[in-house]
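Structures incoming, each one as C-alpha cells.
One chain, chain A, appears in both complexes that follow, with chain B as partner in the first and chain C in the second.
On to the complex of A and B.
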C-alpha cells in the first residue's frame, strides 16, 4: 500500500520508519507547516533526518500531501476536542477521494463519530482506528472479533502517565506534586500534563469504545462522559487503601450506556493494578467471561504498530 | 453462513446453541455415531434435547453431514495425535469440496500443519483455528494482526487443569494427588487427566503457535516439543518458591525455534501467576514490547465463541 502520513510527531515518524518493514511505501509526509511528496516512495531516512536537523520534513505544502498519490491516509496530527480539526478535515478529504483512513488521532472518532461513519458510507474508502485506544493493545480488533453486541462492558487503565503517578505514589508513599514533577523529569509526563492527569485522554478512549459498542444506535462525545482526574488523590488515601489490600487506579469504564473515568479502589494484586505506564483493558463478554488485555498503551513505535496493523487489515 | 458441525461434545453443542445469535444457520451436526441434516436449518433445541435424552443427535450417518449442504465445517471432534484422525480426514473432505473449515480440534494443525496448508492451497476454502489455542483468548488473531514475523516469542499458561492444581497446591499447601482428586470431584480435571497434567495439551497449543510463527519455513509437531508435566512438583517446592516471592506454573514457551513446556518458577505477583483455571499468553513483539492476553482458556461456550469469531472472519 502507498501511505501518506499527516503529522510528524512521535507516531507519524514511527509509522514512516516502520512502514517499509511491513511491505508498504510512504509516498508523502506532512508536519504542521511543510510537506514532502514522492509518488515513488520517500527517502525516509533523509526526510526524518531533515525533520531532526531543520525541524521541517520538506519544501512542499501539507496541502500537497493531502492531494498526493496514496492508498491510505494515516492521520497522526494532535488530538483536538470539539470539531476535531484539522484531523477531521484531513479524514474528510481522503474519504471524498475514496481513499482509506487510519487514525492515530482520537479526535474524529471521539468527538464526531457519526460524521466519520456518514462520510465513510459515501466513500469507497474505509476508516480504522485501533491505534486510538491503548496503543499496541488489540482492543478494538478484539471487540470486532467477538462482535460489539457480545461485549457487555469494558473497563481499564487507559492512561500511562496517570498510572505511573498513582503507582509510584503508592509504592513510595510520596505526594502527587512530587511524583508528577519526577514524571516530567523522566519524560513520562508532559510539561502540561492536564490532558492525562485530569482524565481527558482516558475518557476520549472510553468514548471511542462506547461508540464502537453502540454500533451507531447512539453517539458519544466527551460531553457524555463523567470524568474525574487524579490531582486530588492524597498519599494518605493510597496508604489507607494499601492497609485494606487495595490500591487506587484511574479507571475508565463503559457499561450500561455510561462512560465514567475516575480514581477507583482496586485489589492490590488484581489485574487492574498494573504498574508504571502499562495499560490494561478488561472486556466482559456474553459467553466467554472476562478477557484481559494489557501492554504498552502509548509510545511512538507501539502506536505505529497498531496503525500498521490497521493498514494490513485494509489489504486482507 | 450455513454451518455443519462434526462433534457433539461441549464445544460442538455450544456452537450449535450459539450460532443463531451470530446470524448463522446450523444445517448439520454429527456425533461419533449418528448425524442429522436439514438444509433449511436444524431445529437445534430438539436435536440437543435428543442428544441429552437418547445420547444421539439423529437418525442419519455422520457421513451424511460431511456430504451435506454447508459453507463452513466446524471440526470439533476430539484431538488425536499422530495422523490426527478423524479430524484431519473431515477437514480434507471439506476443503476438497471447496468449503471452509474452522477447527476446535487441535490435532490437524498441531500434528499435520503442512498437510493442512497444502490442502488449503488447492481449495477455494480457508482454514481458521483460533479456538485451538487458549479458548476465547484472541491469541492467533493478535499474532495475525501484528504479523507473525513481528512476534519474537510467545509464552504462557495454556492449560487450566494444570494451573488449577498448581495454584491450589500453592494456596493450600496440599500435595499433588490430593488436589488432583479434588479437581476431579469438581469436574475441573477429567477422570484420565494425563493429557493435561503431563503437559501434552499445553504442548499442542505451543506447537500450533510455533507453526503459525514459522509461516511454513519449518513444520512443528508434538515430537519437536520438550515436555515435562506437573506430577513431580512437590508441595515443598511451592513452599520454597513462596518464601522467595515466587510460585510455580506450567509454562509453555515458543522462542528461537524451540517449543518447551514444563514447571517454571515465576514471580508470585507477576502476570504469569494466574490462578484457578485461567490462562494467559504473553507475546513479545519487535516494536511494541510485551503484550499480555488472559482469559478463560477452555469451556464449551468460551471455545465456541472463538469458533464463531472465526466463522465471522470468513464472511468479512
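On to the complex of A and C.
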C-alpha cells in the first residue's frame, strides 16, 4: 500500500521508518509546516535526516501531501480537543477522496466520533484507530474480534507517564514533584505533562473505547468523562495503601455507560498494579470472563506498530 | 447442636418491638430456646421507627438451619422481623482521605460518614502531615451492608467535597479484593 503520513513526531517518523519492513511504500510525509511527496516512494532515510538536521521534511507543502498519491492516510498530528483540528480535517479530506485513514491522533474519534463515522459511511475508504488506545496493545481489535456487544466493561491503566510516577512514588517513598522531574529527565514525561498527569490522555482513550462499545447508540466525548488526575496524591497516601496490601493507580473505567478516570486503590499484587510505563486493559466479556491485555502503551515504535497493523487490516 | 454438621455463623436480626414492658424478653426467648447464641442486643430506646415501634438489633450465632427456625419462631410470636441475615456488615471497603484532615476535624468527618451512610469505621490509619501545608492522609476501613458499597462511597464523596478533602476510592470492580 502507498502511505501518506501527516505528522512527523515520534509516531509519524516511526511509521515512515518501519513501513518498508511491512511491505508498504511511504509516498508522502508532512510536519506542521512542510511536506515531501514522491509517488514512487520517499527516500525515507534522507527525509528523516533532513527533519533532524533542518527541522523540515521537504520543500513541499502539507497541502501537497493531502492532495498526493496514496491509499492510506496515516493521521499522526498531535491530539487536539474540541473540533479536533487539524486531524479531523485531514481525515475528512482523505475520506472525501475515497482513501483509507489510520489514526494515531485520538482527537477525531474521542471528540467527533459520530462525524467520523458519518464521513466514513459516505466514503469508499475505511477508518481504523487501534493506535489511539494503548499503543502497541491490541485493545480495539480484540473488542472487534469478540464483538463490542460481548464486552460488558473495560478498565485499566492507560497512561504510562502517570503510572511511572505513581509506581515510582510508591517504590521509593518520594514526592510527586521529585518523581515527575525525574520522569522528565528520563524522557518518560513531557516538558508539559498536563495531559498525562491530569488524566486527560487516559480519559480520551476511555472515551474512544466507550464509543466503540456503544456502537453508535450513544456518542461520547471528553465532556462525558469524570476525570481526576494524580497531582494531589501524596507519598503518604501510597504508603498507607501499601501497609494494607494495596497501591494507588490511575484507573480508567468504562462501564454501564459511564466513563471515569481517577486514582484508585487496587491490590498491590493484582493485575492492575502494573509498574513503570507499562499499561494494562481488562475487558469483561459476556461468555469468556475477564481478559487482560498488557504491554507498552506509548512510544513511537510501539504506536507505529499498531498503525501498521491497521494498514495490514486494510490490505486483507 | 450435635445434630448439625453445619458451621455456626453470625447473624443480625432487626426487630420492631411495641413499647410495652416485657416485650424485649418475649423477643429474646425464641432465640435462646432454639439454640441461638446471643452475642449482643442493641436496644434503641427513644429512637422510634416510622410506625412508632422501638427498633432492636440482635446479633447472634447459629447454624444456618437453626437460624431459619429462630426467625420462624419470632414471626410466630407476632414479633415484627424487619431484617434477618448473615452478618449485617457484609462488605468492607478501604478508602484513603487526603487533605487538611486534622484542621477539618477528622473525628467529625468519620462520625458523619457513619451516621449518613450506615457504615461502620473498622480501622483508621493516619499519616503525619508531610509538608508545611499540614496536609495528611488517612486510610479508613469501612464495613458496609451488602450491596451498599456505592451508597457509602457517595456519602463519603459528599462529605469530602464539603470539607475540601480528596478521596481515593477502591476499585470495586475488577480484581478488587
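By definition in this document, the second predicted complex is superposed on the first by the 316 of 316 C-alpha atoms of A that agree within 3 Å, B and C clash if a C-alpha of one lies under 4 Å from a C-alpha of the other, contacts with A are read in each partner's own complex, and residues count from 1 in each chain.
Keep this in mind: a residue touches a chain if its C-beta (ideal position, glycine included) is under 8 Å from a C-beta of that chain, and two chains touch if they have at least 3 such contacts.
Computed from a predicted structure; not experimentally measured.
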Inset, instruction - Using the superposition on chain A described above, determine whether A:56 touches chain B (first), chain C (second), both, or neither. - result: neither
Inset, instruction - Could you tell me if A:296 is touching chain B, chain C, both of them or neither one (first, second, both, neither)? - result: first
Inset, instruction - Could you say whether A:314 touches chain B, chain C, both of them, or neither, answering first, second, both or neither? - result: neither
Inset, instruction - State whether A:150 touches chain B only (first), chain C only (second), both chains, or neither. - result: first
Inset, instruction - Look at A:271 in the shared chain and tell me whether it touches chain B only, chain C only, both, or neither; answer first, second, both or neither. - result: both
Inset, instruction - Could you tell me which stretches of chain A are touched by chain B in one complex and by chain C in the other? - result: 271, 290
Inset, instruction - Write out the stretch or stretches of chain C touching chain A in their complex. - result: 94-96, 98, 125, 127-128, 130, 135-139, 141, 166, 168-171, 173-177
Legend entry - Complex contact set, residues of chain A against chain C: 153, 155, 175, 232-237, 239-241, 243-246, 248, 251, 253, 255, 262-267, 270-272, 282, 284, 290
Inset, instruction - Name, in rising order, each residue of chain B that touches chain A in their complex. - result: 14, 18, 22, 135-138, 141-142, 145-147, 150, 269, 271, 285, 287-296, 299, 301-302, 304-306, 309, 312-313, 316
